[in-house]
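Before any comments, here is the structure.
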Amino acid sequence: MPIGAKVWAIAEGYIPRDNFAERDRRFVSHETACLLNCGDADAEVRLTLYFSDREPVGPYRFKLPARRTLHLRFNDLNDPHPVPRETDFASVIESDQPIVVQHTRLDSRREALALLSTLAYAGS
Amino acid sequence: MPIGAKVWAIAEGYIPRDNFAERDRRFVSHETACLLNCGDADAEVRLTLYFSDREPVGPYRFKLPARRTLHLRFNDLNDPHPVPRETDFASVIESDQPIVVQHTRLDSRREALALLSTLAYAGS
Amino acid sequence: MPIGAKVWAIAEGYIPRDNFAERDRRFVSHETACLLNCGDADAEVRLTLYFSDREPVGPYRFKLPARRTLHLRFNDLNDPHPVPRETDFASVIESDQPIVVQHTRLDSRREALALLSTLAYAGS
Amino acid sequence: MPIGAKVWAIAEGYIPRDNFAERDRRFVSHETACLLNCGDADAEVRLTLYFSDREPVGPYRFKLPARRTLHLRFNDLNDPHPVPRETDFASVIESDQPIVVQHTRLDSRREALALLSTLAYAGS
(Lines give C-alpha, C1' and ligand atoms only; values in the text may rest on other atoms or scores of the structure.)
Protein backbone atom coordinates (compact mmCIF):
# COMPACT_ATOMS: atom_id res chain seq x y z
CA MET A 1 0.00 0.00 0.00
CA PRO A 2 1.57 3.31 -1.03
CA ILE A 3 1.66 5.94 1.74
CA GLY A 4 2.57 9.56 1.30
CA ALA A 5 2.57 12.37 -1.22
CA LYS A 6 4.36 13.18 -4.47
CA VAL A 7 5.55 16.68 -3.57
CA TRP A 8 7.33 17.66 -0.36
CA ALA A 9 9.01 20.85 0.83
CA ILE A 10 11.64 21.49 3.52
CA ALA A 11 11.93 25.20 4.22
CA GLU A 12 15.01 24.88 6.42
CA GLY A 13 18.50 23.91 5.34
CA TYR A 14 22.00 24.82 6.50
CA ILE A 15 25.24 22.84 6.43
CA PRO A 16 28.13 24.15 8.55
CA ARG A 17 31.54 24.41 6.97
CA ASP A 18 33.15 20.99 6.64
CA ASN A 19 34.98 20.01 9.75
CA PHE A 20 38.07 18.27 8.48
CA ALA A 21 39.16 17.41 11.99
CA GLU A 22 36.13 15.14 12.26
CA ARG A 23 37.01 11.93 10.47
CA ASP A 24 34.04 9.84 11.58
CA ARG A 25 31.25 10.24 9.03
CA ARG A 26 28.62 9.55 11.68
CA PHE A 27 29.55 12.70 13.55
CA VAL A 28 30.13 15.14 10.72
CA SER A 29 27.47 17.87 10.82
CA HIS A 30 24.87 17.00 8.23
CA GLU A 31 21.40 17.72 6.91
CA THR A 32 19.39 14.69 5.87
CA ALA A 33 16.17 14.10 3.96
CA CYS A 34 14.83 10.70 5.03
CA LEU A 35 12.70 9.23 2.24
CA LEU A 36 10.44 6.20 2.51
CA ASN A 37 8.83 4.39 -0.39
CA CYS A 38 6.44 1.79 1.07
CA GLY A 39 4.89 1.02 -2.29
CA ASP A 40 5.59 -1.73 -4.79
CA ALA A 41 6.81 0.54 -7.59
CA ASP A 42 10.25 2.13 -7.78
CA ALA A 43 10.12 5.91 -7.48
CA GLU A 44 12.00 8.46 -9.58
CA VAL A 45 12.82 11.38 -7.29
CA ARG A 46 13.89 14.92 -8.18
CA LEU A 47 15.23 17.38 -5.61
CA THR A 48 15.56 21.12 -6.18
CA LEU A 49 17.44 23.53 -3.93
CA TYR A 50 16.26 27.09 -3.24
CA PHE A 51 18.40 29.95 -1.93
CA SER A 52 17.90 33.45 -0.60
CA ASP A 53 19.83 35.30 -3.28
CA ARG A 54 20.07 33.20 -6.45
CA GLU A 55 18.00 31.02 -8.75
CA PRO A 56 17.16 27.43 -7.73
CA VAL A 57 19.65 24.66 -8.48
CA GLY A 58 18.72 21.21 -9.73
CA PRO A 59 17.15 18.89 -10.16
CA TYR A 60 19.22 16.30 -8.41
CA ARG A 61 17.89 12.93 -9.55
CA PHE A 62 17.89 9.58 -7.84
CA LYS A 63 15.90 6.38 -7.63
CA LEU A 64 14.12 5.19 -4.51
CA PRO A 65 13.34 1.49 -4.97
CA ALA A 66 10.06 -0.07 -3.91
CA ARG A 67 9.88 -0.99 -0.21
CA ARG A 68 13.06 0.89 0.64
CA THR A 69 14.14 3.93 2.63
CA LEU A 70 16.91 6.34 1.69
CA HIS A 71 18.47 8.72 4.19
CA LEU A 72 19.91 11.24 1.79
CA ARG A 73 22.58 13.61 3.10
CA PHE A 74 22.52 17.00 1.45
CA ASN A 75 26.26 17.06 2.14
CA ASP A 76 26.69 14.30 -0.45
CA LEU A 77 24.85 16.02 -3.32
CA ASN A 78 27.27 16.83 -6.13
CA ASP A 79 25.48 16.65 -9.46
CA PRO A 80 24.78 19.23 -10.82
CA HIS A 81 26.50 21.15 -7.96
CA PRO A 82 27.61 20.58 -4.36
CA VAL A 83 25.48 22.32 -1.72
CA PRO A 84 27.25 25.47 -0.57
CA ARG A 85 28.28 25.43 3.10
CA GLU A 86 27.23 28.06 5.62
CA THR A 87 24.42 29.12 3.30
CA ASP A 88 20.68 29.13 3.97
CA PHE A 89 18.76 26.89 1.62
CA ALA A 90 15.44 25.09 1.26
CA SER A 91 14.40 22.13 -0.86
CA VAL A 92 11.51 20.66 -2.80
CA ILE A 93 11.31 16.93 -3.43
CA GLU A 94 9.13 15.55 -6.21
CA SER A 95 8.47 11.86 -6.81
CA ASP A 96 6.47 9.96 -9.41
CA GLN A 97 5.24 7.63 -6.63
CA PRO A 98 3.89 8.49 -3.17
CA ILE A 99 6.68 8.75 -0.61
CA VAL A 100 7.15 10.10 2.93
CA VAL A 101 9.84 12.70 3.76
CA GLN A 102 11.31 13.62 7.15
CA HIS A 103 14.02 16.21 7.70
CA THR A 104 16.87 15.75 10.22
CA ARG A 105 20.01 17.68 11.12
CA LEU A 106 22.95 16.67 13.26
CA ASP A 107 25.13 19.57 14.38
CA SER A 108 28.57 18.70 15.75
CA ARG A 109 30.20 22.10 15.58
CA ARG A 110 30.76 21.83 19.28
CA GLU A 111 31.73 18.77 21.28
CA ALA A 112 28.13 18.05 22.23
CA LEU A 113 25.80 16.88 19.49
CA ALA A 114 22.58 18.73 18.70
CA LEU A 115 19.71 17.21 16.73
CA LEU A 116 16.55 18.45 15.11
CA SER A 117 13.91 16.69 13.07
CA THR A 118 10.53 17.41 11.56
CA LEU A 119 8.14 15.95 9.06
CA ALA A 120 8.47 17.80 5.76
CA TYR A 121 5.47 19.64 4.28
CA ALA A 122 3.36 17.47 2.01
CA GLY A 123 2.20 19.42 -1.03
CA SER A 124 -1.00 18.58 -2.83
CA MET B 1 -13.74 9.99 21.20
CA PRO B 2 -11.15 8.37 18.95
CA ILE B 3 -8.48 10.74 17.61
CA GLY B 4 -5.97 9.92 14.95
CA ALA B 5 -5.36 7.71 11.94
CA LYS B 6 -4.92 4.01 11.26
CA VAL B 7 -1.71 4.22 9.21
CA TRP B 8 1.41 6.15 10.17
CA ALA B 9 4.91 6.37 8.71
CA ILE B 10 8.23 7.44 10.23
CA ALA B 11 10.85 7.92 7.52
CA GLU B 12 13.75 8.35 9.94
CA GLY B 13 15.27 5.69 12.15
CA TYR B 14 18.77 4.99 13.47
CA ILE B 15 19.94 3.34 16.68
CA PRO B 16 23.61 3.78 17.62
CA ARG B 17 25.57 0.73 18.67
CA ASP B 18 24.65 -0.35 22.18
CA ASN B 19 26.64 1.50 24.77
CA PHE B 20 27.37 -1.11 27.37
CA ALA B 21 29.10 1.45 29.57
CA GLU B 22 25.73 3.14 30.03
CA ARG B 23 23.84 1.12 32.60
CA ASP B 24 20.95 3.53 33.17
CA ARG B 25 18.14 2.65 30.77
CA ARG B 26 16.93 6.23 30.77
CA PHE B 27 20.13 7.45 29.16
CA VAL B 28 20.80 4.68 26.65
CA SER B 29 20.49 6.07 23.12
CA HIS B 30 17.09 5.08 21.82
CA GLU B 31 14.47 5.62 19.14
CA THR B 32 10.88 5.68 20.33
CA ALA B 33 7.46 5.60 18.69
CA CYS B 34 5.01 7.18 21.12
CA LEU B 35 1.53 5.77 20.49
CA LEU B 36 -1.71 7.11 21.94
CA ASN B 37 -5.08 5.37 21.82
CA CYS B 38 -7.68 7.80 23.18
CA GLY B 39 -10.57 5.64 22.12
CA ASP B 40 -12.63 3.10 24.02
CA ALA B 41 -11.59 0.06 21.99
CA ASP B 42 -8.29 -1.77 22.33
CA ALA B 43 -6.10 -1.46 19.23
CA GLU B 44 -4.14 -4.20 17.50
CA VAL B 45 -0.99 -2.58 16.14
CA ARG B 46 1.43 -3.89 13.50
CA LEU B 47 4.82 -2.29 12.86
CA THR B 48 6.96 -2.96 9.77
CA LEU B 49 10.59 -1.90 9.35
CA TYR B 50 12.03 -0.68 6.04
CA PHE B 51 15.71 -0.59 5.12
CA SER B 52 17.88 0.83 2.36
CA ASP B 53 19.25 -2.46 1.05
CA ARG B 54 16.96 -5.34 2.00
CA GLU B 55 13.31 -6.36 2.13
CA PRO B 56 11.07 -5.07 4.95
CA VAL B 57 10.98 -6.93 8.26
CA GLY B 58 7.87 -7.58 10.31
CA PRO B 59 5.23 -7.18 11.28
CA TYR B 60 5.97 -6.68 14.93
CA ARG B 61 2.63 -7.04 16.73
CA PHE B 62 1.41 -5.54 19.97
CA LYS B 63 -1.75 -4.41 21.67
CA LEU B 64 -2.46 -0.81 22.64
CA PRO B 65 -5.31 -0.84 25.16
CA ALA B 66 -8.13 1.68 25.12
CA ARG B 67 -7.30 5.00 26.82
CA ARG B 68 -3.60 4.19 27.08
CA THR B 69 -0.29 5.41 25.69
CA LEU B 70 2.68 3.23 24.79
CA HIS B 71 6.16 4.67 24.32
CA LEU B 72 7.68 1.87 22.29
CA ARG B 73 11.45 1.70 22.03
CA PHE B 74 12.67 0.30 18.75
CA ASN B 75 15.67 -0.91 20.75
CA ASP B 76 13.37 -3.39 22.49
CA LEU B 77 11.88 -4.99 19.38
CA ASN B 78 12.95 -8.62 19.14
CA ASP B 79 10.23 -10.66 17.46
CA PRO B 80 10.65 -11.50 14.61
CA HIS B 81 14.12 -9.83 14.69
CA PRO B 82 16.05 -7.23 16.71
CA VAL B 83 16.56 -3.89 14.97
CA PRO B 84 20.09 -3.74 13.55
CA ARG B 85 22.26 -1.03 15.13
CA GLU B 86 24.02 1.69 13.15
CA THR B 87 21.67 1.03 10.25
CA ASP B 88 19.26 3.45 8.57
CA PHE B 89 15.67 2.33 8.80
CA ALA B 90 12.11 3.63 8.53
CA SER B 91 8.83 2.27 9.85
CA VAL B 92 5.15 1.98 9.09
CA ILE B 93 2.63 1.52 11.88
CA GLU B 94 -0.84 0.16 11.17
CA SER B 95 -3.63 -0.04 13.71
CA ASP B 96 -7.20 -1.33 13.55
CA GLN B 97 -8.29 1.68 15.64
CA PRO B 98 -7.39 5.36 15.23
CA ILE B 99 -4.21 6.23 17.11
CA VAL B 100 -1.69 9.09 17.23
CA VAL B 101 2.04 8.52 16.66
CA GLN B 102 4.99 10.75 17.56
CA HIS B 103 8.63 9.91 16.93
CA THR B 104 11.42 10.72 19.42
CA ARG B 105 15.14 9.99 19.65
CA LEU B 106 17.53 10.42 22.54
CA ASP B 107 21.19 10.33 21.55
CA SER B 108 23.73 9.84 24.35
CA ARG B 109 26.76 8.91 22.30
CA ARG B 110 28.48 11.87 23.84
CA GLU B 111 28.24 13.13 27.39
CA ALA B 112 25.64 15.71 26.46
CA LEU B 113 22.19 14.47 25.51
CA ALA B 114 20.61 15.34 22.18
CA LEU B 115 16.90 15.03 21.46
CA LEU B 116 14.68 15.16 18.41
CA SER B 117 10.97 14.65 17.98
CA THR B 118 8.33 14.98 15.29
CA LEU B 119 4.80 13.97 14.61
CA ALA B 120 4.77 10.93 12.33
CA TYR B 121 3.06 11.11 8.93
CA ALA B 122 -0.60 10.15 9.02
CA GLY B 123 -1.54 8.08 5.97
CA SER B 124 -5.06 8.08 4.60
CA MET C 1 -9.43 35.26 12.04
CA PRO C 2 -9.42 32.03 14.03
CA ILE C 3 -6.69 29.54 13.06
CA GLY C 4 -6.41 25.99 14.25
CA ALA C 5 -8.43 23.07 15.52
CA LYS C 6 -10.50 22.24 18.60
CA VAL C 7 -8.89 18.88 19.44
CA TRP C 8 -5.17 18.20 19.66
CA ALA C 9 -3.11 15.22 20.79
CA ILE C 10 0.50 14.94 21.99
CA ALA C 11 1.56 11.29 22.13
CA GLU C 12 4.85 11.99 23.91
CA GLY C 13 5.33 13.17 27.46
CA TYR C 14 7.97 12.61 30.12
CA ILE C 15 9.17 14.83 32.96
CA PRO C 16 12.43 13.87 34.67
CA ARG C 17 12.53 13.81 38.44
CA ASP C 18 12.64 17.33 39.86
CA ASN C 19 16.16 18.63 40.07
CA PHE C 20 16.21 20.53 43.31
CA ALA C 21 19.79 21.63 42.70
CA GLU C 22 18.53 23.67 39.75
CA ARG C 23 17.04 26.85 41.16
CA ASP C 24 16.59 28.74 37.91
CA ARG C 25 13.12 28.02 36.57
CA ARG C 26 14.28 28.62 33.01
CA PHE C 27 16.61 25.64 33.17
CA VAL C 28 14.53 23.12 35.06
CA SER C 29 13.69 20.19 32.78
CA HIS C 30 10.16 20.71 31.54
CA GLU C 31 7.51 19.66 29.05
CA THR C 32 5.44 22.45 27.55
CA ALA C 33 2.29 22.69 25.48
CA CYS C 34 2.39 26.02 23.64
CA LEU C 35 -1.16 27.17 22.90
CA LEU C 36 -2.15 30.02 20.60
CA ASN C 37 -5.60 31.55 20.34
CA CYS C 38 -5.55 34.01 17.42
CA GLY C 39 -9.28 34.49 17.48
CA ASP C 40 -11.45 37.15 19.08
CA ALA C 41 -13.24 34.86 21.53
CA ASP C 42 -11.77 33.55 24.77
CA ALA C 43 -11.26 29.78 24.72
CA GLU C 44 -12.09 27.30 27.47
CA VAL C 45 -9.45 24.57 27.34
CA ARG C 46 -9.50 21.09 28.84
CA LEU C 47 -6.42 18.88 29.04
CA THR C 48 -6.50 15.13 29.77
CA LEU C 49 -3.48 12.99 30.58
CA TYR C 50 -3.07 9.40 29.38
CA PHE C 51 -0.75 6.80 30.86
CA SER C 52 0.52 3.33 30.00
CA ASP C 53 -0.89 1.52 33.02
CA ARG C 54 -3.79 3.47 34.52
CA GLU C 55 -6.94 5.35 33.60
CA PRO C 56 -6.68 8.91 32.22
CA VAL C 57 -6.48 11.83 34.63
CA GLY C 58 -8.27 15.12 34.17
CA PRO C 59 -9.56 17.28 32.82
CA TYR C 60 -7.27 20.12 33.80
CA ARG C 61 -9.15 23.31 32.94
CA PHE C 62 -7.88 26.75 32.01
CA LYS C 63 -8.82 29.77 29.99
CA LEU C 64 -6.90 30.97 26.95
CA PRO C 65 -7.96 34.57 26.26
CA ALA C 66 -8.58 35.91 22.77
CA ARG C 67 -5.40 36.98 20.93
CA ARG C 68 -3.10 35.43 23.50
CA THR C 69 -0.59 32.58 23.75
CA LEU C 70 -0.05 30.36 26.77
CA HIS C 71 3.07 28.25 27.18
CA LEU C 72 1.76 25.72 29.67
CA ARG C 73 4.28 23.64 31.59
CA PHE C 74 3.04 20.18 32.43
CA ASN C 75 5.30 20.47 35.48
CA ASP C 76 2.95 23.11 36.86
CA LEU C 77 -0.29 21.11 36.57
CA ASN C 78 -1.67 20.36 40.03
CA ASP C 79 -5.46 20.22 39.88
CA PRO C 80 -6.75 17.54 39.99
CA HIS C 81 -3.29 15.91 40.35
CA PRO C 82 0.38 16.75 39.72
CA VAL C 83 1.94 14.99 36.75
CA PRO C 84 3.99 12.03 37.97
CA ARG C 85 7.72 12.34 37.28
CA GLU C 86 9.74 9.76 35.35
CA THR C 87 6.52 8.36 33.91
CA ASP C 88 5.49 8.08 30.26
CA PHE C 89 2.36 10.03 29.47
CA ALA C 90 0.43 11.54 26.57
CA SER C 91 -2.16 14.29 26.43
CA VAL C 92 -5.28 15.44 24.63
CA ILE C 93 -6.23 19.10 24.54
CA GLU C 94 -9.79 20.18 23.75
CA SER C 95 -10.90 23.76 23.24
CA ASP C 96 -14.24 25.36 22.50
CA GLN C 97 -12.48 27.73 20.07
CA PRO C 98 -9.91 26.93 17.37
CA ILE C 99 -6.37 27.02 18.74
CA VAL C 100 -2.89 25.90 17.66
CA VAL C 101 -0.77 23.57 19.83
CA GLN C 102 2.98 22.93 19.70
CA HIS C 103 4.86 20.59 22.02
CA THR C 104 8.32 21.41 23.43
CA ARG C 105 10.67 19.78 25.93
CA LEU C 106 13.80 21.14 27.58
CA ASP C 107 15.98 18.49 29.18
CA SER C 108 18.64 19.69 31.62
CA ARG C 109 19.48 16.43 33.33
CA ARG C 110 23.02 16.93 32.17
CA GLU C 111 24.97 20.14 32.00
CA ALA C 112 24.20 20.61 28.33
CA LEU C 113 20.63 21.47 27.38
CA ALA C 114 18.66 19.32 24.94
CA LEU C 115 15.52 20.51 23.17
CA LEU C 116 12.79 18.94 21.11
CA SER C 117 9.66 20.37 19.56
CA THR C 118 6.88 19.32 17.24
CA LEU C 119 3.50 20.45 16.14
CA ALA C 120 0.82 18.47 17.98
CA TYR C 121 -1.66 16.32 16.03
CA ALA C 122 -4.79 18.20 15.05
CA GLY C 123 -7.85 16.00 15.43
CA SER C 124 -10.94 16.48 13.33
CA MET D 1 4.28 25.21 -9.15
CA PRO D 2 3.27 26.94 -5.90
CA ILE D 3 3.44 24.73 -2.81
CA GLY D 4 2.11 25.62 0.59
CA ALA D 5 -0.49 27.70 2.34
CA LYS D 6 -1.22 31.40 2.86
CA VAL D 7 -1.64 31.35 6.65
CA TRP D 8 0.75 29.72 9.11
CA ALA D 9 0.99 29.71 12.91
CA ILE D 10 3.90 28.98 15.26
CA ALA D 11 2.65 28.58 18.83
CA GLU D 12 6.11 28.52 20.38
CA GLY D 13 8.56 31.38 20.64
CA TYR D 14 11.20 32.42 23.15
CA ILE D 15 14.46 34.32 22.70
CA PRO D 16 16.95 34.22 25.59
CA ARG D 17 18.50 37.46 26.74
CA ASP D 18 21.15 38.64 24.31
CA ASN D 19 24.49 37.09 25.04
CA PHE D 20 26.93 39.89 24.44
CA ALA D 21 29.86 37.61 25.13
CA GLU D 22 28.93 35.67 21.99
CA ARG D 23 30.23 37.66 19.04
CA ASP D 24 29.67 35.06 16.33
CA ARG D 25 26.23 35.58 14.84
CA ARG D 26 25.98 31.92 13.92
CA PHE D 27 26.03 30.89 17.56
CA VAL D 28 23.86 33.57 19.13
CA SER D 29 20.67 31.98 20.48
CA HIS D 30 17.95 32.62 17.95
CA GLU D 31 14.45 31.74 16.81
CA THR D 32 13.96 31.45 13.08
CA ALA D 33 10.99 31.18 10.74
CA CYS D 34 12.22 29.53 7.54
CA LEU D 35 10.02 30.61 4.63
CA LEU D 36 10.00 29.10 1.15
CA ASN D 37 8.29 30.57 -1.88
CA CYS D 38 8.56 28.00 -4.71
CA GLY D 39 6.17 29.87 -6.93
CA ASP D 40 6.76 32.32 -9.75
CA ALA D 41 5.14 35.33 -8.06
CA ASP D 42 6.75 37.44 -5.35
CA ALA D 43 4.95 37.15 -2.01
CA GLU D 44 4.03 39.94 0.38
CA VAL D 45 4.33 38.53 3.90
CA ARG D 46 2.94 39.86 7.16
CA LEU D 47 3.98 38.52 10.56
CA THR D 48 2.11 39.20 13.81
CA LEU D 49 3.40 38.41 17.29
CA TYR D 50 1.16 37.18 20.11
CA PHE D 51 1.94 37.33 23.83
CA SER D 52 0.53 35.96 27.06
CA ASP D 53 -0.31 39.26 28.68
CA ARG D 54 -0.68 42.01 26.08
CA GLU D 55 -2.25 42.72 22.71
CA PRO D 56 -0.59 41.39 19.53
CA VAL D 57 2.19 43.42 17.89
CA GLY D 58 2.58 43.92 14.16
CA PRO D 59 2.35 43.35 11.38
CA TYR D 60 5.98 43.10 10.45
CA ARG D 61 6.11 43.27 6.65
CA PHE D 62 8.59 41.85 4.19
CA LYS D 63 8.81 40.55 0.67
CA LEU D 64 9.66 36.96 -0.23
CA PRO D 65 10.66 36.88 -3.88
CA ALA D 66 9.60 34.15 -6.27
CA ARG D 67 11.75 31.00 -6.10
CA ARG D 68 13.55 32.11 -2.96
CA THR D 69 13.84 31.09 0.69
CA LEU D 70 14.18 33.45 3.63
CA HIS D 71 15.38 32.30 7.03
CA LEU D 72 14.00 35.09 9.16
CA ARG D 73 15.42 35.53 12.65
CA PHE D 74 12.89 36.86 15.12
CA ASN D 75 15.89 38.41 16.85
CA ASP D 76 16.27 40.79 13.90
CA LEU D 77 12.69 42.11 13.86
CA ASN D 78 12.64 45.80 14.74
CA ASP D 79 9.79 47.52 12.96
CA PRO D 80 7.35 48.24 14.56
CA HIS D 81 9.08 46.86 17.70
CA PRO D 82 11.94 44.53 18.66
CA VAL D 83 10.87 41.16 20.06
CA PRO D 84 11.16 41.24 23.85
CA ARG D 85 13.74 38.80 25.24
CA GLU D 86 12.94 36.13 27.82
CA THR D 87 9.26 36.45 26.98
CA ASP D 88 6.90 33.76 25.68
CA PHE D 89 5.45 34.60 22.30
CA ALA D 90 3.76 33.01 19.30
CA SER D 91 3.40 34.16 15.72
CA VAL D 92 1.09 34.12 12.73
CA ILE D 93 2.46 34.50 9.22
CA GLU D 94 0.19 35.55 6.36
CA SER D 95 1.21 35.66 2.71
CA ASP D 96 -0.58 36.65 -0.47
CA GLN D 97 1.05 33.66 -2.22
CA PRO D 98 1.36 30.04 -1.05
CA ILE D 99 4.52 29.53 1.01
CA VAL D 100 5.95 26.89 3.36
CA VAL D 101 7.02 27.74 6.93
CA GLN D 102 9.30 25.79 9.28
CA HIS D 103 10.26 26.89 12.79
CA THR D 104 13.77 26.43 14.22
CA ARG D 105 15.55 27.47 17.41
CA LEU D 106 19.23 27.38 18.31
CA ASP D 107 19.92 27.71 22.03
CA SER D 108 23.48 28.55 23.03
CA ARG D 109 22.93 29.62 26.59
CA ARG D 110 25.28 26.90 27.61
CA GLU D 111 28.47 25.78 25.88
CA ALA D 112 26.69 22.95 24.10
CA LEU D 113 24.23 23.88 21.38
CA ALA D 114 20.63 22.71 21.48
CA LEU D 115 18.34 22.70 18.45
CA LEU D 116 14.65 22.23 17.81
CA SER D 117 12.61 22.40 14.65
CA THR D 118 9.07 21.73 13.50
CA LEU D 119 6.85 22.43 10.59
CA ALA D 120 4.54 25.34 11.41
CA TYR D 121 0.75 24.85 11.40
CA ALA D 122 -0.84 25.52 8.03
CA GLY D 123 -4.13 27.35 8.44
CA SER D 124 -6.91 26.98 5.93
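Every chain is named by a letter (A, B, C and D) in the order it is written, and numbering of its residues begins at 1.
The rule we apply is simple: a contact is a pair of C-beta atoms (placed from the backbone, for glycine too) under 8 Å apart; a residue touches a chain by one contact, two chains touch by 3 or more.
In this text the structure is predicted, and so the values were computed from the model without any measurement.
Centroid distances from chain C, each centroid being the mean of CA atoms, peak for A. Shared numbers divided by all numbers used gives the overlap of an interface; between chain B and chain C this overlap falls below half, so the copies present different residues. Superposition angle, chain C onto chain D, using Cα atoms only: 90 degrees, a multiple of 5 between 0 and 180.
Mean C-alpha position of chain A lies 22 Å from that of chain D.
With centres taken as mean Cα positions, chain D sits 31 Å from chain B.
Touching two or more other chains at once are residues 111-112, 114-119 of chain A. Put simply, chain D touches chain C in their complex at residues 7, 9-14, 50-53, 55-56, 86, 88-90, 92, 103, 105, 107, 109-112, 114-121, 123-124.
Residues of chain D touching chain A in their complex: 1, 3-4, 26-27, 32, 34-36, 38, 67-71, 100-102, 104, 106, 111-119, 122.
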